[in-house]
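Labels run A, B and C following the written order; every chain starts at residue 1.
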């Protein structure tokens, strides 16, 4: 056997990591891709919050003189047909994306958790009913479902959030339900029951906290899906209406005809969507590795 | 087994029935109907004419009656007429199905061809640079909107070949068809192959942790034998489920891809129909999609019986 | 920490029957690198094994007995674990010096292992026959048909009823006891020199346990295999083994023949183990000392990354004094062919 430097191996395993800062550094080194994702997401949130501060031009103001201007001084990412500044539109687009992504994910998770928890806890006819409804909702692809929902609710920011959140519910409900079923059989829950703790208290005190980890994992994964779905809906003209600067919408306006003449109109909004979704996916993967030991690789 | 099949079949019918109610109610919530849109487009509103059109189409009837008419017709094979073209729905949808089916089939073929082998390699070479590259590629596959990828492909063709490979007229030969469809199929299949690859990887890693893998090693099995013989057989089981779901769900990705490539398939047709409030088309198309999904799910369950010796669906 | 392999080998009892020795483990050292620190899972363990002999390795869970077994097989997952020192000499060959392909030719062929969990240790999607014949095709170069014939023969040997039928079945169709028989058939199919059995009966019903143990012993006699039996169950040791090693916190703390150990346990830990199990014929004298009642050992195995300076058992030992806590006791022959590491072994 070759001699081994124990200290090197120990450092790799993360021994002697104390304090939140060195823990953070250790996590970043252990999940470099996840850390990269977190940076992208942080930038995305920053752009959304401070959009007005980091741009000089109103994203909706038109300027005939700059119609289809190529990227250059003054117009960092060029301008669209109506002469609107693409840089400003892309930065402000982060706001829409974040609002829809977070809004529909939170909404979908909230209802998913309530339904899943109730279904896995109450069982009986309620559970049967929920299961059938979930079956029905999962018989359509996410985008098709969101498309029908968006069309029936009408185009607005609020409705787009609701339309995307509804198809997210069955996924969350299903995971939370099976998690609840597993937890309610655990010895300590049985013990709580034997001590006469009320069912509602057990559900809130014991079962709910234990669904948190899978929920965070699921939520981060859904965030990317929600942002992508918003982009697709807006691209198809069924999502965010004008004049909101939505990335998907920007692409639909410029779709095939500008591929030849003004490629910057195609490149920047698409790059923004891809980067943000890529970031959330990277972060989601790291979250799963960190929080879900069964999936840990 | 027989009683399982019957039970599954009844659940399928129940799901489809539920879907029909859901879609019908959702569509009736849509603000405005075809009459509104037609008149808006014409720029004038004549209430009498509008009422006449609504009466002709049966839109003035109570919703329950409308639903009964639709389902009654559906069960007799009568799918009604498109509001827009006024042609039978079946004639409108029918010819578009093979186009979308071919696209989806080709995309699925690509995604399996790349997804499974790359997923296995990624798992076997876990935490090597190759694994990192493959993981980043697969994650990009899940992150690029397929319509943007399609646009990028168009851009690529424009700048390198000077042509745009979009659908202008029906292809005459099978290889012309293959050439025409393979570009959009690759655009939409990238996402599926990324999904299949990720699932194969995690499934493979899960299996490699199992006790029976340790047994195989303890009996002297080589790495190749452990990975490709002992582990892979177990790891592909959950992957078949995802392939089945993807086969049906590819239609979601095809909606935008068909739009970009101007392909006259059912997926793009669905969006057009929704925009036009063409209820007969939307309703029947959604039912068709749901039917495909539940049937494929059913077939996957049956395939499991063949692939996994543990599952016997005892009565 | 400073003793060399040679010194450890010199103190090891293995040299008693040199001619007959099949396996000699010398100063085996396996560590795990964890976030909490370095864990010495196997800390300079030495022993030897003769053909046809059964050596029991006992101790509480976490004492390093399974890790010793996996180290012999070189199946320690790396990372986080690694074998960092020692020798495992099988018929004159140091297994730790072999390349991985050379080691593969040993596993399942010259040295085999059976595991604790028969329910999960067989591949669910391969037939029983397929799994047994794999090793035969690999190591003995048999054709698939010949290997299948031999698989049926092996199943007959381990007393699985209707073997010709069973080879076509999948693991889930068999009971736990039957699966463990299949595992044994698989492990012995190439007639290995050494069989490492890691808690082979722990997961089974009590009635099945005796059958499986009897089967292992019977096959051992028939085939002349040397067996390392890892168990926490002293009753099993009394019935099956000739010699016993007691491990604590990764180290060997006592070693003797079964008869000797049960009649004159020297190490307080061994005595504690014996007092904590129902009486057996051999241990009646022991049980009498404690008033015929079962006793538990107070406390727990200390975390291996945070071992005390002196004797690792000192925190739980009623006899521990300052000397015990300051310095680890030497491993010495206290009685003929009876070694132990305890400052108070002579009391």
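Following the convention adopted for this analysis, contacts are C-beta pairs under 8 Å (C-beta built on N, C-alpha and C of every residue); 3 or more make two chains touch, one makes a residue touch a chain.
All figures in this text were calculated on a predicted structure; none of them were measured in a lab.
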{"item": "Chain-level touch network, classified as line, ring, star, complete or other", "value": "complete"}
{"item": "Contact-richer chain pair [B-C vs A-B]", "value": "A-B"}
{"item": "Between chain A and chain C, centroid-to-centroid distance (C-alpha), Å", "value": "50"}
{"item": "Rounded Å distance, chain B centre to chain C centre (Cα mean)", "value": "54"}
{"item": "Between chain A and chain B, centroid-to-centroid distance (C-alpha), Å", "value": "22"}
{"item": "Chain A-touching residues of chain B, taken from the complex the two chains share", "value": "11, 14-16, 18-19, 22-23, 26-27, 29-31, 126, 132, 135-136, 139-140, 142-145, 147-148, 151-152, 154-155, 158, 164, 166, 202, 205-206, 248-249, 251-253, 255-256, 259-260, 262, 270-271, 274-275, 282, 286, 289-290, 293-294"}
{"item": "In the complex with chain B, residue positions of chain C that touch it", "value": "73, 75, 101, 104-109, 112-113, 115, 117, 120-126, 134-135, 138-139, 170, 172, 183, 186-187"}
{"item": "Sites on chain A touched by chain B in the complex", "value": "33, 132-133, 135-137, 139-144, 147-149, 151-154, 224, 228, 231-232, 235-238, 248, 251, 255-256, 259-260, 263, 266, 270, 273-275, 277-278, 281-282, 285, 295, 297"}
{"item": "Touching residues (chain side chain A, partner chain C) in the complex", "value": "1, 3-4, 6, 9-10, 12-17"}
{"item": "Residue ranges of chain B in contact with chain C within the complex", "value": "210-212, 214-222, 225, 230, 233-234, 237, 307-310"}
